[in-house]
Amino acid sequence: MSKVLMKGNEAIGEAAIRAGCLNYFAYPITPQSEVAEYLSRRMPEVGGVFLQGESEVAVGYMIFGAAGAGARVFTTSSSPGISLMSEALSYIASAQCPAVFVNIMRGGPGLGGILPSQGDYFQATKGGGHGDYRLLVLAPASVQEAVEMVMQAFPLAEKYRNPVMILGDGLIGQMMEPVEFPDHLKTEPSNKNAWATNGMDTRKSNTRNLVKSLFLDPDVLNSHNLELRAKYERMQMEDVQYETFNIDVDYVALIVSYGTQSRVCRTAIENLKQEGIEVGMVRPKTLFPFPLIPIREAASKVGCRAVMSIEMSMGQMVEDVERAVQGRCPVSWYGKCGGDVTTPEEIMETVRKTIA
Amino acid sequence: MSKVLMKGNEAIGEAAIRAGCLNYFAYPITPQSEVAEYLSRRMPEVGGVFLQGESEVAVGYMIFGAAGAGARVFTTSSSPGISLMSEALSYIASAQCPAVFVNIMRGGPGLGGILPSQGDYFQATKGGGHGDYRLLVLAPASVQEAVEMVMQAFPLAEKYRNPVMILGDGLIGQMMEPVEFPDHLKTEPSNKNAWATNGMDTRKSNTRNLVKSLFLDPDVLNSHNLELRAKYERMQMEDVQYETFNIDVDYVALIVSYGTQSRVCRTAIENLKQEGIEVGMVRPKTLFPFPLIPIREAASKVGCRAVMSIEMSMGQMVEDVERAVQGRCPVSWYGKCGGDVTTPEEIMETVRKTIA
Amino acid sequence: MSKVLMKGNEAIGEAAIRAGCLNYFAYPITPQSEVAEYLSRRMPEVGGVFLQGESEVAVGYMIFGAAGAGARVFTTSSSPGISLMSEALSYIASAQCPAVFVNIMRGGPGLGGILPSQGDYFQATKGGGHGDYRLLVLAPASVQEAVEMVMQAFPLAEKYRNPVMILGDGLIGQMMEPVEFPDHLKTEPSNKNAWATNGMDTRKSNTRNLVKSLFLDPDVLNSHNLELRAKYERMQMEDVQYETFNIDVDYVALIVSYGTQSRVCRTAIENLKQEGIEVGMVRPKTLFPFPLIPIREAASKVGCRAVMSIEMSMGQMVEDVERAVQGRCPVSWYGKCGGDVTTPEEIMETVRKTIA
Amino acid sequence: MSKVLMKGNEAIGEAAIRAGCLNYFAYPITPQSEVAEYLSRRMPEVGGVFLQGESEVAVGYMIFGAAGAGARVFTTSSSPGISLMSEALSYIASAQCPAVFVNIMRGGPGLGGILPSQGDYFQATKGGGHGDYRLLVLAPASVQEAVEMVMQAFPLAEKYRNPVMILGDGLIGQMMEPVEFPDHLKTEPSNKNAWATNGMDTRKSNTRNLVKSLFLDPDVLNSHNLELRAKYERMQMEDVQYETFNIDVDYVALIVSYGTQSRVCRTAIENLKQEGIEVGMVRPKTLFPFPLIPIREAASKVGCRAVMSIEMSMGQMVEDVERAVQGRCPVSWYGKCGGDVTTPEEIMETVRKTIA
């Protein structure tokens, strides 16, 4: 298939359909309402369901309902909307249902602004909702990657029976880029008969499946939580994704950055190379599981004097970078949060100061 | 005043009144509904307001409204209820309003169970809601300390114009202990005329105060976020609270633990001492700001071979402990989550294995 | 097509589909939840939409939305549920949108009971909601008639661009009777391009249609209300439906009764004939427009000494009967309301006493 | 006490306080939001409660809750808001709780307009909600009368343990008139210990009172409805209120009119007298119970050739007038609905045409 020029939000909607997801429930919020607009037209064409819930709280539970019945389902929202889904996210994770949540982040906290941000890193990677659970979090840096990650997200959600979040900044949603869609996913979830509610239809399954998050017995709840923990450790072993840049040279500093911010960092790194300053970069593509080992190794390289977490937030990923680096180098943060993306010049200046 | 024997939940309610807080909005949820029950009787006696909202989402915004008008206000809830307040917490933090939230945690995620847990550590300390904000988080280890922390919480919230969370496990709420109440707080918030909405009453203030969380201009939002960041750094400088135990001896291992779990750790440490094994402990009383430096120093002590984060959660505080320790010692996690508290024997066995 | 044995609630659902209505939004309530159950299976089979709203308030506005877009749409509920739709009914009537509401009445007021009743006569015929509007109200006396009335209801709603209500007692919904379905309605609403919202699609219409109920200018609102009034008078001229029984003999008393209650009255009339007492009956099939003239004429017949309104309510239709009779005979009420249907014996005894 | 010049809406609020009602729950809507504004200030001064509900649906049930606990409670709203309270009104009536509802009517149906109307006559007098129940409906024609009727409403609600509605057009709420307040009502409801929920406080009552509207047994529900019916008949016997004007002369036509519309009718009648045309008037002050007998008698007077129901609605009260007149004279309707009040000239012209 050839490339088409598409806005990120629309490409995300189309990608979900090609991933075999025919159920989309959402409540509009800037800067990702175009997904809903696109799918309100597109879902009926492919026999799918578009449903606007009466609030994000309701949408969260609609997702739970559909996922619990074994249907592929997803929603898209932006920062405050995701907060309203926090309780449902915790329920879905506890009940081990696969579902995909897309958060096209806007500036926060509160109403904040409607321009791009990465301010929801903590919310996405550390839980947001209550209790011991994790989301598998994918962070695209281009429209093409957003499409691919949406299409990965459904099989990953089904592999782990866990919600997956696509964490994109507003630029991902709003910019137009040429995009090529992978082939349609062909299969439906292979294992759903084993766990999803099936209306007691014995043609589908001989088991009476029960989807729930209530475990009143403390031993049972502890075992359940250990099972979840084992799953999150398995993610850490099997599904860490990251990309490196300029890592084969002898660099004096290492940047860790993700999403569209990392594209600006690339430009800064290329420019600094012209000045004779070598800087490496590790870009996490999964924010949870976080590429702790690759960053630790990159920070341990002889000659590396500083690690910088460059974020469109006020110092969130930097905590995971600190955990990765384990004191091998000084770790610092640089960033902005409000809508403006840090420029290559600002990054270059920060690198110069940091290594000075 | 002499000691009275009181259930934790009731003591928390009484402490808020003595802290001069006459506004309590809540929605009942086990295991803290006794606070609402107690205050539904007690608030009218002292001329205060008890109001049950129609949901936790509503309660969050009732708190925002009262706090924005300069009134001392608080709520209590338990894990899922706090998730439903996530959006409001982000709004209140962004709008810089003082308010106190008490989370008597139950086992999670999802509906989980109704027995004690510390599973909401991440939610409390890393945000929960969207965007760059922090709660100041106090973690009591006894009913007496719960009372004292509630009474500290209001002045701290007003000092920083930021929500403060009391993070207690269900044991704090349910157990009865003798408690002595400090003197009533006498003053009302001293600075509210400078920022709270005042109905344009020029007798109260000549300024037209505006309480909001919307900042559409990216420069303004970035500045706002830098201002918030500076505030959170100030908390880290001025208001870290912690307690040490058995730290003056030469210990081979360091435990970090908080809340009622830390009381069990004390017993284990005392028992291990009988066996000739010395173990130190740092107990954070503030979870944010986290006592990074004291733990780093304690972990750096000659002879200390291991640091253990012992939690009633599946490995949450351990991430902050890792950040504190910076690779000086191996850091490990031990815990349970579901309602049963780890026993001294289990902790002793874990310590023995870890140092082996 | 041959007869099938069907429960009334299911037959009502099937009739709507055969009337070309593929949109059903509802919230379950006894004694008509079988309609929702049936259509949740049946609508997907015919490419229609079944959607359970989050409350009856929401359902009312979902109906408004679909109707305003020119789609055939209906809901079913029972007494308290219809009360919750009162505001929406008033909006839909004001905005002149066609829609069908089925009320399978249960005993009231309040929660009342779940057995049959006719207690919502006033609510259906006099408005329920605020302002000057009327519903066209059809009252079936058998499952077969319920089917036919549902199939009439859509064209009537479209003829008048007004909500139509099917007012059935719980017996209609719960009993099984042999039923024959008329042919499918073939056409879609013929005139919707002239008034329904069309997304500004100029292929469908050159007019920019606006569906609204707000008219701030008093002259415009008065004209609007006069237009509605003219429509309700036209209903009174063109669409009164009723049935007579034993009206060709010289009767001493006239019964007015509707719905399944009228079937019991028939038995009583037949039994009284054996005793030599002749009683006539007019059964309104439309409750609004009410058959004022036929009842007036029947009450004016020489020898008729009394008119009795026999209802499963505490005296509601009797007021319209009084208006019809205009003092020509004494008018009295007899009835029960709570679930038990008046027996033939009770009716016979009442007639004997009344004419005595 | 001397007269003060007050806006109707404020006078209504003050009157409720003087009637000993210290509980006011409401949701704002034009043209009566001034009541809420006034009471939000005034209730705290007198130790009362002002609470804005999250919707009119909620307000209806807040009223039920307070009334069921034996507290004097009222709300004010306007047409669409009353529709949203329909279900609660039916519950409150069924559960036999005293409460006062004020409806300052605006033009309808639907959103309609915000100017005065009498379009909710049917809704108020025939039920609105489902099932067999009635409201006692008082219709003031001046601000002074509004005050007096509010103060009557509470004792009447308690006498009958039934909701009472004050039905005022928007003029009553918006106009300023000199008003004199009657003395404060001194006693609290005398009989509440016999029926209201009392928290099982045996100092208050030895009975375990249960407030409910659910009666699943058909005999019990029928008896309950007969009890309600007997109560409504007692209202008809004991509490009909009306006023006559120009009734002692030999008039050729009789006007029935209520509320501020009746004041315009007075002027028209006085003007017609100058022309030598005598017209009588009966003004119902209670719309339910309706003054059927006084109107019947007035219509029966020798020489009276026509009865006219003059309403700010499209023909609602005219149905009760028809029931009253029983064919003794022709009954006709004249009115407007949209915000403009019919002028004396228009009424005079209508009278002239009618008697011609």
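Note that the chains take the letters A, B, C and D in the order they are written out, and that residue 1 is the start of every chain.
Everything below uses one rule, namely that contacts are C-beta pairs under 8 Å (C-beta built on N, C-alpha and C of every residue); 3 or more make two chains touch, one makes a residue touch a chain.
Please read these numbers as outputs of a predicted model, since none were measured by experiment.
Shared contact partners of subunit A and subunit C, listed by label: none present.
Between the contact lists of subunit C and subunit D, the overlap is empty. The greatest centre-to-centre distance from subunit B, using averaged C-alpha positions, is reached by C. Between the Cα centres of subunit A and subunit D there is a gap of 59 Å.
Subunit B and subunit D have Cα centroids lying 53 Å from one another.
One finds 28 Å separating the Cα centroids of subunit A and subunit B. Contact of a single residue of subunit C with at least two other chains is seen at no position. If each chain is drawn as a node and touching chains are joined, the picture is one closed loop, every chain linked to exactly two others.
Pairs of chains meeting the touch criterion: A-B, A-C, B-D, C-D. Within the complex formed with subunit B, the subunit D residues making contact are 51, 54, 58. Residues 57, 79-80, 82-84, 86-87, 90-95, 105, 107-115, 117, 119-120, 122-123, 126-133, 212-226, 228-229, 313-316, 319-320, 322-323, 326-328, 336-340 of subunit A are the ones touching subunit B in the complex.
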